[in-house]
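Here come two complexes built around subunit A, the first alongside subunit B, the second alongside subunit C.
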Partner chain A sequence: MSQTFLGMPHAPAGVGHLHGDRPFPDAARDALANTQLRRNLGHATATIRAKRASVVGELDDWEELRLAGEALKAYTMAHLDRLLPQLEAAVTARGGVVHWARDATEANQIVVDLVRATGTDEVVKVKSMATAEIGLNEALAAAGIAAVETDLAELIVQLGHDEPSHILVPAIHRNRAEIREIFLREMPGVDPELTDEPRRLAMAARAHLRAKFLTTKVAISGANFGIAETGTITVVESEGNGRMCLTLPDTLITVMGIEKVVPTWTDLEVFLQLLPRSSTGERMNPYTSTWTGVTPGDGPQTFHLVLVDNGRTAVLADPAGRSALHCIRCSACLNVCPVYERAGGHAYGSVYPGPIGAVLTPQLTGAATSLPYASSLCGACFDACPVRIDIPSMLVHLRSTQPHPATERAAFEAVAWTMASAGRFRLGERLLRLGRLIARRGRIRRLPPPLSAWTDTRDLPAPPQQTFRDWWSAR
Partner chain B sequence: MRVALFVTCLADAMFPDVGRATVAVLERLGVEVVFPPGQTCCGQMHVNTGYQRQAAKLVRNHVDVFEPYDYVVAPSGSCVGSVRHQHAMVARNAGDAGLADRAQSVATRTYELSEFLIDVLGVEDVGAAYPHRVTYHPTCHSLRMLRVGDKPLRLLRHVRGLDLVELPDADQCCGFGGTFAVKNADTSTAMLADKMRSVLSTRAEAVCAGDSSCLMHIGGGLSRLRTGVRPIHLAEILASTGSAG
Partner chain C sequence: MSARDDILARIHAANTGIAAPPVPRDYRRTGTHAPGDAELLELFTDRLVDYKATVVPCTPATLAATLADICRDWTVVVPAGSASSVPGAVVDDGLSYAQLDALDAVLTGCAAACAETGTIALDAGPDQGRRAVTLIPDRHICVVRADQVVHTVPELLARLDPTRPLTFISGPSATSDIELHRVEGVHGPRTLIVVLVTLSGGLRRRA
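Let's look at the complex of A and B:
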């Protein structure tokens, strides 16, 4: 398959959280003006960067692990046609039910119908990127079903009527004082004396959630990995709330992107080393839950696995972009990205922010977007990525597939034409020298738009009297 | 030894001193420098802004011009990065497999200045003197595309009189990123502000780097704030032999 293979459906607009409604530079401008947000983000990402660097530094085979992760992912993507049916067969054999959803709309409908069939109007949720991507909470709400997020950070976002801004820490843009205010405002029966001490905040959330765990009959989760060989689903988390959801309710519905499949149990060995170190900066995450179908008398007695495409096969069809599907959602690339650190996650207009969002979102949606330009191409994301996704090269590739503004295109055409011959380039340099006329004391302080975007905050040196090539030929 | 100087379009048009300094350093070390006059631009700005088709013309010109030489040296990590990591791809995407092969061959003979001095000439002390307090910013493309490591620092440590002060958060991007600085001017400026804060915290007289583009960005900010800290290219320090710098 090549890029010219057309017709793969992309993630539809109007459902889910992939299609932002503002260009990145505009949304970033608002975030940059919010000094509290910048401080929260700068502090949080610096802390997690340092933790990651120290635990990654402990392993002398880190590069080999990354190569192994990359190879496993490449193998998996090349054999999805075989691995997904294998996963389906294994899940079914163990008493689970597998559903296939072409896109967000279908996936939401499947889950809504499944929940309705149980007769309940409230579900508990394990934090899940896939359900955020398809906008499941909104779809459930429209059907009269309340979805309670049980991950602490996700709960903060939900109670704050906010959008997540980070893959791993959805409320990274909030500080403790803000969280305390949200809890006081939104949590029924919370102690009015609540302080912003992290332990007190966690206790308040725990009391709030415990009641939900004990009474709710249906849980919805995502999946970090789905093992084709055995039909086992894996969720990796830090708080243990996920495990409550995965074990207490009668019915469990897991929504999994089709790229999350791994061939065998032993492949987990690689990913369970790469993931926690890259994401939370821990050697091992506190809770790793695995389950295979249903076990009579133990845990949920009904298990549904919803496999979601939502644009993923369209990504697979592009050889220059398909490795974006290798992502294990560790968020390391976000934490090292200087653009993410300043602009924050909301500026990306997608549940997938940061470097991976800038390449994955446009590919899933197939829509024109400013996201591939939301990078200085500094390359820090590639160095951090545990499965070696070459995000900078992919950004460059995606830029070449975006529509360009007519004036910009004309300018780049003209420059390319000038630069394609040394004679014309030399003439161009002569013209450039006219810039000396607008310089004061060797500095240009003001250029016309769009170049004023440069001189708003930076001086430009005046062009020199003599170019290098003129100096050389006079030498 | 004879090397072809790829001066880069930016240095040619805007920073000729960087080109002159590169020539001075190489000639002082006994290298014969030639300047192929047909050269223009590596096309990086076009590639990175999404104009690969237009860049293909520039790649063809570059390959035609530099193919005859055993060594090509450029005072820019970024442009060498483009030659090494993008030229063959651009040619391939333009459907010209022959050009891609030739581009690949030119790429393997193309060196950034500090790489050439240390890896090819085996020199760390180039006989320079620059009695000033200097901090060094490793540009992203030198650091992560070329992996030059500490080569520029090794060269700077041998410069007489130079007081090298470490830059905090040195490996953080300065926010230039080519057209990024214009397309995402606000984010770029926020990144620049942090870089300038780091530079000023060192109380250095000059900030040194191996790329004129990043220096133009950092220097443009420092100039706007009238900090008095001057941007200086690595080649200019290595060419300097006295206190007149």
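Let's look at the complex of A and C:
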């Protein structure tokens, strides 16, 4: 790919968290041997799948919302070179300062310089995929600046000297007993009587971070959406740590991927419905904050917006891969993916794991990888995706651009492993049932390769709703 | 070339020959209930209670007594332009964060609300105050008038001015970070009490 799109540099290696240090099949093999991890993941993803299904079922216009979301994203990408300057002008007009960064190294330098200029050596952070992607915390640490993660899951990861393993719930690989142990070990002044009751754990985090929120002068956030028309930036969250960071410090620095722009305020009505229901399975997340530049007398009086490319324009340059940029980071595709559920997030070696990671990571980095093979092509990710990203087709496309030999064999081996683990038959049956999702009017018209050779010439009957085994265990 | 020009040039090159189809807007943009309609208020109440807020209905005539009753044991802060108050309330005239942290509760109005999602929107208007005031105290008592409640998310956004700092609140602070189970109450107010003012009364108090 890197030869094809000269002039579209990818995300550089050696900075940030996109380039894993081990191939997927290797890392997945270790993860599959970790039964605690598999149990934690299985429990958490089953919980969230059920919640998502129930709140999505409440809306009879869900498909219409998905179609609007898909089209809005395609429109946005096609007009990015107009929308970004429009966003810049609107933010600037309201007292904000906009910076542009070609890649992770530039973005980190901009943020380090901005923090240094304030004279502080500690910042509070709202969970942000963009800053994890560019390795901002490491860059800040190298400059002698401590970054305090304030999202509960990020705090668990940070205190546990661990890596995030899920877009939405970075500590999904940890259960409550493990979290309690991390807090007891690493949280200064924690109540030694702390139990593993989730409420008590959340209260420990509240007490731990309260003083920081009230006194820290600089905050760093990501952005879920940036409205070009008005210059309004949006952060969607649950705990209130986002509100604390976005409201109380004097200076706010927001790092935003260039693909996060949304044309108009009205368009937000689509994404504010799609995102919470798809991610946490809630009708609406507890808190959404929006701000436009600086508001005198309310919130940070200095606002910087850092717009980051870091390989996104290289993704944009591939007509068959560019819709990976449509992702709104809801994580629904992770939660339905049978490979993710068994291999876990760390095996993908990138801040973007699961189905979206398997297509986005190789495109951002341009590096040879077996990630596009980390899938059984069952199609569940497409069905779950609120903006209808056709991940299965993109995986097939990326496989064709990757060097075939050893990687392919190794990766198929990893998928085979998944299939051969405890529930080989059970999973196989489930995949068949998922086949119903790509069936239209009871027939499957197109299967992904290599099965497409079969469906190209005939329709398959859609598999039945419930397998015998499901029926048996549900009796 | 500046990073800005470089990135815009890359985008321009990547987009050569790309056209996007029009955006279909076949989703619901207006609800089936008019703002303030009785069924809508029932839905709004259900959604709030489902996400662990408390809903206390009253009429304009009983509002003051209702608020006084809710707040009787608490030290309360109100924004300078607040339409409602309670005996002994502190008016925010630029209190420090530490002073706000020492108070028990904040009492405000709202800009608009959405029944389908149980969402209250604040726009930092005179009766809502700056954002820190509705964030730091541990309890938020929010007065919502029936005519401020719309059915759908599109109707909610249409009522708001995006150039103001907005906060959308759906239930008290919560997290799903531990085993993906929802737990109420982390950094924001752990208690949310919505006082719903209708002309006729008739709704039940629910928690």
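The rule is short, and it goes like this: the second predicted complex is superposed on the first by the 400 of 475 C-alpha atoms of A that agree within 3 Å, B and C clash if a C-alpha of one lies under 4 Å from a C-alpha of the other, contacts with A are read in each partner's own complex, and residues count from 1 in each chain.
Assume a residue touches a chain if its C-beta (ideal position, glycine included) is under 8 Å from a C-beta of that chain, and two chains touch if they have at least 3 such contacts.
Model, not experiment: these values are computed from the prediction.
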Is A:28 in contact with subunit B, with subunit C, with both, or with neither (first, second, both, neither)? first
Between subunit B (first) and subunit C (second), which, if any, makes contact with A:382: first, second, both or neither? first
If you stack the two complexes on chain A, which partner ends up touching A:176: first (subunit B), second (subunit C), both, or neither? second
Between subunit B (first) and subunit C (second), which does A:262 come into contact with in this model arrangement: first, second, both, or neither? neither
Quick check on the superposed pair: does A:153 touch subunit B, subunit C, both, or neither? Answer first, second, both or neither. second
Partner chain in contact with A:339 - subunit B first, subunit C second, else both or neither: first
Which chain, subunit B or subunit C, ends up touching more residues of subunit A in the combined arrangement? C
Shared contact residues on subunit A - subunit B and subunit C: none
What part of subunit C is in contact with subunit A in the complex they form? 2-4, 6-8, 10-15, 18-29, 47, 51, 97-98, 101, 114, 116-119, 124, 130-132, 135-136, 153-154, 157-158, 162-189
Residues on subunit A engaged by subunit C in the complex (per definition of touch): 5, 7-8, 40, 43-45, 47-48, 61, 64-65, 67-68, 71-72, 74-75, 77-81, 84-85, 94, 100-102, 106, 150-153, 156, 168-169, 171-172, 175-176, 179, 198-199, 201-203, 205-206, 209-210, 213-215, 227, 230, 232, 238-241, 243-244, 247-248, 258, 265-266, 268-270, 272-273, 276, 280, 282-292, 295, 297-299, 307, 309, 313, 316-317, 319, 322
The answer for subunit B against subunit A in the complex is residues 7, 9, 11-17, 19-20, 35, 37-41, 43, 45-55, 57-58, 60-61, 85-86, 93, 140-141, 143-145, 171-173, 175-192, 216-217, 219-221, 223-224
Contact set on subunit A toward subunit B in their complex: 24-25, 28-29, 32, 38, 338-339, 342-343, 370, 372-380, 382-383, 393, 396, 399-402, 404, 408-409, 412-413, 415-417, 419-422, 425, 428-429, 432, 443, 445, 450-451, 453-454, 456-461, 463-464, 466-469, 471-473
